[in-house]
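Pasting the structures here.
What follows is a pair of complexes built around chain A, which joins chain B in one and chain C in the other.
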Partner chain A sequence: MNSAKVEKEIMNKQVVLNLKNFQAHLPTKRGVVRAVNGINLQITQGKVLGLVGESGCGKSITCLSLLGLTKEKGWVIVGKAQMQGKNLLALDSEEIRRIRGKDIAIIMQNPMAAFNPLTTIGQHFLETIRSHLSVSEKASREMATKYLGHVGLPQPDKLMKQYPFQFSGGMLQRVMIAIALAMEPKVLIADEPTTSLDVTIQRQILGQLARLKEKARTGMLLVSHDLGVIAQMADEVAVMYCGYIVERAPVEQLFNNPLHPYTRALLASKPQMQKKPLQAIGGQAPSLLNLDVGCPFLERCNEKNRRCSHYKQKLIQYDHKHWVGCAKYSAEQRMLNHGLA
Partner chain B sequence: MVLQGIAKGLYHRKLTIISLIILGVIMLSGALAPVLAPNDPTLISLENKFLSPSIQFPFGTDHLGRCILSRLMYGAITSLGSALVVMSVTITISIIMGTLSGYMGGRVDAFLMRLCDMILAFPNLVLTLVIVGMLGPSLINVIIAMVVVQWVWYARIIRGMVLSLKERSFVLSAKVTGTPDWLIIVRHILPNIIPHIVVLATLNLGMVILHISGLSFLGLGVQPPTPEWGAMLNDAKQFLRSDPRLIMFPGTMILLVVISFNLLGDALRDAIEFRES
Partner chain C sequence: MDLLKVNQVSKTFKSGHFFFSKGRVVEAVKDLSVKIEEGVCLGLVGESGCGKSTLGRIILGLEPPQSGQVIFQGKDFYKISRQEQKKLRKDLQAVFQDYNSAINPRYPVKMAIGEPLRNYFRLSLLEEKKRIQELLELVGLNPDDMNKYSFQFSGGQLQRVNIARALALNPKLIVLDEAVSSLDVSVQAQILNLLADLKKELNLSYLFISHDIEAVYYLSDAIAVMYLGQIVEFIEGMSIFDQLTHPYSKKLLSSVLGPHPHFRTDLSAEFDELQIKSDTANGCNYIDRCNIKDQVCFKVKPALTSVSEDHLVACHKMKKISGIQMAI
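This part shows the complex of A and B:
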């Protein structure tokens, strides 16, 4: 075996979740909602993949579809999501249930609503543990207490007997993280884990997640529309727009050298310390209903040319790890540029 | 404002306690009737008929010389007991059907709901009468008929609650952690609907008692000589002018029980609404 092949082998082992040509469509009476249109993503052990994009661009649907939670609502999911040689999208409901919470855990957006007000924190915990492991109540109680301690909550024994409304949002989010950690998942999907929290709590939660990444070598998909959070946490960033990945790059490259006009506009719209008016991206994202051919960002783009209206979204390799989906970087356009120069 | 609130609370609580006491006394006297009842409720002695209240017959006797108090006490078991049976069977069936229908959706839901629609298409009383008429008059058949007619109402209500509950975030997050469906139903869905169902059941218990008594009054339910309040009303109606006492005692009992159950249901509902607001 040559060295390149060995390297590839190792690479493959480190990739814990591999999304290939992943699509999610919802047929409705008014047409097909194309929420996710063929995205490719790899989640690597011990690394954080940041997924950014504005509301309604398909981030959450991607997360939920991975665990088969959208199928029952009529979504059509196409493509592959490979994990340990299994395609998650082809599993039956019992098989996928075994994976939920055990191999793939999700931290949800709104911790206040994610707990049943009528059951104690302890019961929420035990429910997850006992859905996956056949352990005694006492053993699972000890496990729960241990993990509650891990996320820095004081007096875990006491907390176990309390109800969700006795907790603050930050505490509940930490409980949710603790529950997610209890099964030592290989992949952790954090769907905007800090959106409903204030900044101090946000910092603590992110610290917790970073430590988890270091300690448990969990592969993480961090969904957010907060670029600050992404810059702080992610190793690699994928920018999503209208169900397409429009740019993918290691975090420093993306922030230093954004290629796609959308990414540039997104970065320009970040609040700055100087008292300049905020740079907004003009217009609105097009409806996901019956998306037209051509670049979905066309109408809002300030770098468009005539080629864009029939450009078919696909990622172009710009350099080693930097991919971008924009007509500007297509081979022919580059050739044109060079020819003119 | 505050004082008014407290006064209102106390007033409600007082009524609740009174209705609890009334129900307690009636149920207890029913349960202890074999010990406490002064006379045999079915013993007919024509020489004692239409007696006024006395020490031997505290409420007097009816047209067949039977002790009214004893009949009321024994009748409490039949009236209240059968109402409780109807209610608990109805609720059990409708919880199962409603939860299945709401949670599973799709064809199961469509089938069960069309079944409900079919039953709901007929007037309540008519359908009960038809079923009892087909099965033959007896207490058991009245209970069966009432369950058949009533479960659909509760099943629809429960289905509605399940439909909205299953979209709540905590159900999604339970799913995300790999909780099996049956556990989600037992842990997250049922505990959230049962308080409402208890209220509903308590409020409607009075109505069930009225229904059973009504059917007995029509001669379809409890058969003589078994003492039952509705049947006693039926017996007494021919003596309405000559001896209204006969109709007053069982009538008052039904009135008291129905009002007590309604008040109790109201109080329970207030308690739950207060907790949820």
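This part shows the complex of A and C:
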């Protein structure tokens, strides 16, 4: 596809955030941690992009970098994150501050740790609203109460005066969603929004997010390691491993016909109301410090062949919307298969 | 013979100024009875705040209950002398959720695994080393890992170290308090498989506390569903999950997300959370959230009664249903 065609498609699909060749590396004394190695993602208006992967595969770094939260910590960020004609990764701290919380909002994993224990819920709200809009305190209070009501919290007036410790985890997570939505962002990043919550609460929070997607047409990046959450929520899924996207497909297609061995292994390892032994993925992910040439999944893969050890990770278009990064599906391999057939 | 028998234990916590009231009493565990046989895994499910962990701590001998007995291997744990308690503790081990804080980061893991050994036996250095290596191999780690520190392990490996420590004294019962909840799906599968293998190999009993019904179902031989300090349903040797009938169990089951995008769960349910009932004297605990409640439920607290063999439910409506079935 030539670039003009891509641009056109982006216009059509109303891509709100376009992440191009994104890389995040952290130089340390022992070497460079290659956390993210050139990924491309598009977040579309009113759609949920699911990002799945094990811990340490670079999911959270991707999220934090989009909000400009990694730069000052020594991370070297390369690539482009285009949103409304601006490259989020190249903005200085003042410019990104104006966007952060307004056009792009985040829901963090641990609601208990994301709030300042010394300030009330109301103050948290006002801080966000008043740093982006020039409205009176009274107006912003009304706005806050309105949004707290939206996420189904009872007696919002009363809640505004309470402190985070007076809330349960599920309630705090809803407050966080309310704050994230108060500014009606174009993009919402949900970094493991339900991991620390109970199953019953998880279901309710996901319902809330699904309703938002319908109502406010927010584009969402939903990060999770739980395939159940992804199956329920996502429209498109990207599977991440060792800082690479190894498979990308619409959600039905990914679950019906997983191509990458890692995706297959992930799907097989979830307990699903059954007693037969679980198929765990043997071994563990290689250290991001010494990523060698070749497929990063090589050592844990049970479908490897000799081509894999010098395979350079890149996404291959398998189907109209289905991309996979595995040597098995490379052009040469396919030609070989056909030759044999 | 039952390995562990918990008889009518209650534990309440008092707190000072909290929420809107001046001082209040939380009944974490209330008149709860449960037993675990040898070689059996009992799964304990429930929302956070329902008293699962408190029950685990009572069983481990860490939290003396206000009333009731914990009988482990025929001895009432909280009535016997400290020396005898120490003897019993040898057969009673725990693995907790937070694998990181369970191991001292300043010592190599051999110190952590060796500590129970040093507490109970007088082993020579060589014997101790041999036993530690044996244990590490048992949980699928490299015996040479004994000199590493906790930060050199990944989450799953560290949880294996914790399991190795729990196994050091050849215990009879291990309390697994959310032992797999904070692990990744693929690693979680590894640990669940390991626990299942160890149980078979060493004839261990587990109390598997979790809020993840799918994991509990995989590992357990019996399931107890807990709500506000009481067991509302107990089922043993189940083959089909549909047999869980208490409205709260059903709610938990319906919260399990379908594994395939084709079967999307209806997410439109209203918000409701665990609520401490204001008036605990009368009526069913679950009444505020129940959708099949009746006049009786407001007046009488349902007792845990058997519906069929190996299946107990604490719900008025269930008794009626089974009554009709019996009449037919």
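Going forward, the second predicted complex is superposed on the first by the 329 of 341 C-alpha atoms of A that agree within 3 Å, B and C clash if a C-alpha of one lies under 4 Å from a C-alpha of the other, contacts with A are read in each partner's own complex, and residues count from 1 in each chain.
Everything below uses one rule, namely that a residue touches a chain if its C-beta (ideal position, glycine included) is under 8 Å from a C-beta of that chain, and two chains touch if they have at least 3 such contacts.
Predicted model only: the values in this text are computed from it and were never measured.
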{"item": "Partners on chain A (chain B, chain C) - clash or fit", "value": "fit"}
{"item": "Touched partner set for A:31, first chain B, second chain C, both or neither", "value": "neither"}
{"item": "Partner chain(s) touched by A:69 [first = chain B, second = chain C, both, neither]", "value": "first"}
{"item": "Partner chain in contact with A:166 - chain B first, chain C second, else both or neither", "value": "second"}
{"item": "If touched residues of chain A are counted for chain B and for chain C, the larger one", "value": "C"}
{"item": "First, second, both or neither for A:272, with chain B first and chain C second", "value": "second"}
{"item": "Which superposed partner A:98 touches (first chain B, second chain C, both, neither)", "value": "first"}
{"item": "Touched partner set for A:119, first chain B, second chain C, both or neither", "value": "first"}
{"item": "Gap in Å between nearest CA atoms once chain C and chain B share a frame through chain A", "value": "12"}
{"item": "Where chain A meets both chain C and chain B, residue numbers", "value": "none"}
{"item": "Chain A residues touching chain C - in the complex, by the definition given at the top", "value": "54-56, 152, 166, 168-171, 174, 198-204, 206-207, 210-211, 225-229, 231-232, 234, 251-252, 255-256, 265-266, 269-275, 277-282, 284"}
{"item": "In the complex, chain C residues that touch chain A", "value": "19, 47-49, 154-157, 184-190, 192-193, 196, 211-215, 217-218, 241, 251-252, 254-262, 264-265, 267-271, 273-274"}
{"item": "Touching residues on chain A, where the partner in the complex is chain B", "value": "67, 69, 97-102, 105-106, 108, 110, 113-119, 123, 127-128, 131-132, 176, 179-180"}
{"item": "Chain B - residues contacting chain A, complex", "value": "168-170, 172-180, 183, 187-188, 191-192"}
